[in-house]
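If you scroll down you'll find the structure; I have some questions about it.
Chain nomenclature is as follows: A, B and C, assigned in order of appearance, with residue numbering initiated at 1 for each chain independently.
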Amino acid sequence: MRLLRGRSWINGALGLWSLAVFVFLFAPIVTVVVFSFNQGVLGKQTANFTGFTTRWYPEAWGNTALRHDVGVSFKVAVAVAILATVLGTITGITLVRGRSRALRLTLEGLVYLLLIVPEIVLAVSLLLFYTKAGVSLGMWPLIAGHSPFTIAVVAIIVRSRVVALDLATEDAAADLGAGGWRTFWDVIFPQLRPAMLAGAILAFTFSFDDLVVSLFLTTPTVTTLPVYLFGTVRLGARPDVDAIAAMMLAFTVTVLLAAGLVYRWQARRSGARLAFGDVLGPGTEGAFAPGAP
Amino acid sequence: MEPTDFAVTVVKGRRVGRREFLTAGAAGAGALLLAACGGSSTSTSTAKASSHAGLAKGGTLNLWTWPDYYAPANLKAFQAKTGTKLNIATYDSNDTAFAKLNTAGGASFDIVVPTSDFVPVMAQHGLLQKLDHSRIPLQYVDPKLLRKVFDPHNDYSIPKDYGTIGVIYNPAVVKHPIRTWQDYLDAGAQPGVSGKVELADVPDETLGIALWAEGKDWNTDNLADLRHAAEVMKAFAKHVHAFNEFDVSGVTSGAVVMAVVTQGTAREMMLQKKSLKFVIPQPQSELWVDNYCITAKAPDVNQAYSFIDYMLQPAHQLKDCAFIGYPTALPNLQSKLPASVPLRNEIFISPADFNRLVPHVIHPAIQGTVENLYSEIQAAAA
Amino acid sequence: MALGRSLLGLSPLAWLCLLFVVPLGFTVVYAFAHATYGGVQIGFTLTNFKQALGGFYLSIFLRTLRFAATGTLLCFVVAVPLAYFIARKIKRFRGLFIVLLLIPFWTSFLIRTLAWETLLAPNGPVRDGLNFLHLHHGLLNVLDTPTAVFIGIVYGYLPLMAMPLFVAFDRIPRDLTEASADLGSGRLGTFLRVTLPLARPGVAAGCLLTFVPMTGEYVIPALLGGDKGVLMGGLIANQYLTAQNFALGSAMAVLILAVLGVFVFMLARTTGGFRPVPQ
């Protein structure tokens, strides 16, 4: 049959391409881990492996500025993830279920505007705003600075899921006498949870990686890893940066493994239908297709 | 002994608060502290107790600086000795430091470490406070770095380390001898060298090359001169491989055969490729000095003086020099630096060369034009 | 309850108004103000806009659009086979693949970009590998060229393109593609005439999420491209930081917002909005 023959050749090619992409994606990660053991020259990183050493790991740990910045990045990212998920979920639901059309349209316009605004513009306007408003910079102004973009991301993902919600279940709950809040918690929320999780993960990543907004909004006590790294570019980075990255990777992979195992165990228990991947859960199709039908 | 335990005391018949007590009594208290805490590594500091503030105990210090700019041993020892909590925030450029100091972001920094050209700009905008020289051990600062054009009375800044820019090149490929900046421009156009040349990613240094080549003052604010210099560099741009003053792998691998770098970077490159040569071209080049400054609104002034005092001590300056690879402000540093430091002589600038070096001065009125001219040069290289 | 719900619905609006709309308002005001070094004098002038639309800036703006379009296209080409493969060819462990795709993005992006500097160095590991395989000899001349920049760009923006594409491909029911094949269309034909159009919302979303942020990109080209050539994001950053000309920077920002707004509007129109295609 024509289909079958075509299929195996195409499958092979697609598979090969995907493998190449994965290699491409992991090449720098492998490089980071390998070169975290590089001796370097005069304490700076080199392009060739000059010798094996483990000294960068304790040195990275002892580099209080670096460690502090990683900690701040992490704390800010967690706070941003939570804030963006809460506000983004509300936005996502309101975009579909909001009673007033004006409200829905305004929010939708705002969400798209948030995606359009280049980061540098957002960064500078926030700094100007804080200066004029007399707000002194710190942890919360930074978290607030990361929030607009991440709220938009979460809102878009959640909205597409709200659109696909099963209204029959909600009606049944209402028939059985459940109030608005109860219905939300027991019926809507569990279906939204995977979309919220996906949004939270993306929000965390954006915040952790953010350079431009953070550059403008950090202070002596609240400064992030990308800001630190950007400063090392001028004088050359030390391998301790790779050591910290390797440690972060190890931490992330461990957390992910644990989370994945927990999720699979939970999913197996509740017997949920798994569509969009085993991790992100049922019904996140359309996660990045903004717009309500 | 804990000076801060005395909340209020009576001095000269007048009640003074905690801060004043610390300031007035610090000289004596400092000496006692040093002795009580096992002494510092140099005995001269206790002997000269009257001319420097000594170390304040406790509190926090917010340091706003370049990353990796202090020997870790020094920072650890400072925190251990004084109990001061050190918060270090870093910036990637003087522009960022200035921009943030000038806005809401500037409120809580204590010490900022700007390069010399930004000291007058920051001072004029009221971002720095005048320094009390009686609290600073100036005997550990080389006089040749003091009273420079960017801060004639050192009202606002104390030198930390310094350097210059010059040309590093591979003499086997760059046959044209590099003695002047014009030589650099000429050599860059030669076949075999063209396309393998790097410029520093700094607007004033790039325009400066053309100005120096024509024997002009690189601190000119004459727009015609600057535009002409930009045209020269735009014509040169097609030979440029990258705007990067730290391309160690590029130069040592041979992909780049000539680059404009600081002497510290040149040293790193020469360590990996012995055949490279570094020269500070005639007639002039830049003197940049990174300085300790205290911000106008610094909340922890005592800790700031304490830190500067500590870091200026000779033993600590030696450690810093070895760590960052640039000469710190200690007098006669070259003779004091241990021989074990690799290529130690390349860290320093000869007296003859030093006298030809001119610090950069920023003219706020034309800075926008300078930046645009540099962008045009960058665009011309693409 | 209804009031409580309305208030809840309004809370993100309030937050965003405060933290986004108001600051943007400042930018707009500054765009019309008189420039000084490190500040502005509030007033009304169109000088900044005139400057921003001047010859050099305009050419940089066009160059940036070209750059972002190229980067988006490259991302698209790289992402489509990958997204299609995972969406339609892998039955088990799909979540694992997606997580694997995401793991690199949990280290800082600057560290990854610096790693590319090491990888692509003239005497770096990639050069060593290529020379070893006799595919290349001598020094690798990729770093500080546009090639290196686009490698870095595709690397950084791939998930933003791949995720929406994946989701879109995932939604297309199998019976539609099978029907197309039954009707005699080859695999490529099915893909071009059935799959891709049905994935239109995902394509639109992916392009939006990639193209728009790319117009503001300037860090990756500076690190991997030798900082040759200038892009809009860098130009604006320079106005705010080096030139301390907040007014001109704001004017440039307002112009960019206007142009991109028009672009998104046109994208929404031509792709029939971002609405999911009815199943």
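What we mean here is this: a contact is a pair of C-beta atoms (placed from the backbone, for glycine too) under 8 Å apart; a residue touches a chain by one contact, two chains touch by 3 or more.
Please read these numbers as outputs of a predicted model, since none were measured by experiment.
Using the mean of the Cα atoms as each chain's centre, the chain most removed from subunit A is B. Two chains share more touching C-beta pairs than any other pair, namely A-C.
If you average the CA atoms of subunit A and of subunit B, the two centres end up 38 Å from each other. Per-chain Cα centroids separate subunit A from subunit C by 16 Å.
Counting only residues that touch two or more partner chains, subunit B has 93, 96, 99, 249, 253. Multi-chain contact residues of subunit C, defined as those touching 2 or more other chains: 118, 121-124, 240. Shared interface positions of subunit A, i.e. residues touching 2 or more other chains, are given as 47-48, 128, 230, 233. Against subunit B, in their complex, subunit C makes its touches with residues 35, 37-39, 56, 59-60, 63, 118, 121-124, 139, 141, 143-144, 222, 225-230, 235, 238-245, 248. Residue ranges on subunit B touching subunit A, taken from their complex, read 62-64, 66-68, 72, 75-76, 86-93, 96, 99-100, 103-105, 107-110, 245-246, 248-249, 253, 265, 267-268, 271-272, 323, 325, 342.
Residue ranges on subunit B touching subunit C, taken from their complex, read 93, 95-96, 98-99, 102, 125, 198, 201, 203, 240-244, 249-250, 252-255, 364-365, 367-368, 371-372, 375-376, 378-379, 381-382. Remark: subunit C residues 1-2, 5-6, 8-13, 15-16, 19-24, 26-27, 30, 78, 81-82, 84-86, 89, 93-112, 114-119, 121-125, 155, 158, 163-164, 167-168, 170-171, 181, 186-187, 201-202, 205-206, 208-209, 212-213, 215-216, 219, 223, 232-233, 236-237, 240, 246, 249-250, 253, 256-257, 260-261, 264, 273-276, 278 touch subunit A in the complex.
By the touch rule above, subunit A contacts subunit B in their complex via residues 41-44, 46-48, 59, 62-65, 68, 127-128, 130-131, 134-137, 215-221, 223, 227-228, 230-236, 238.
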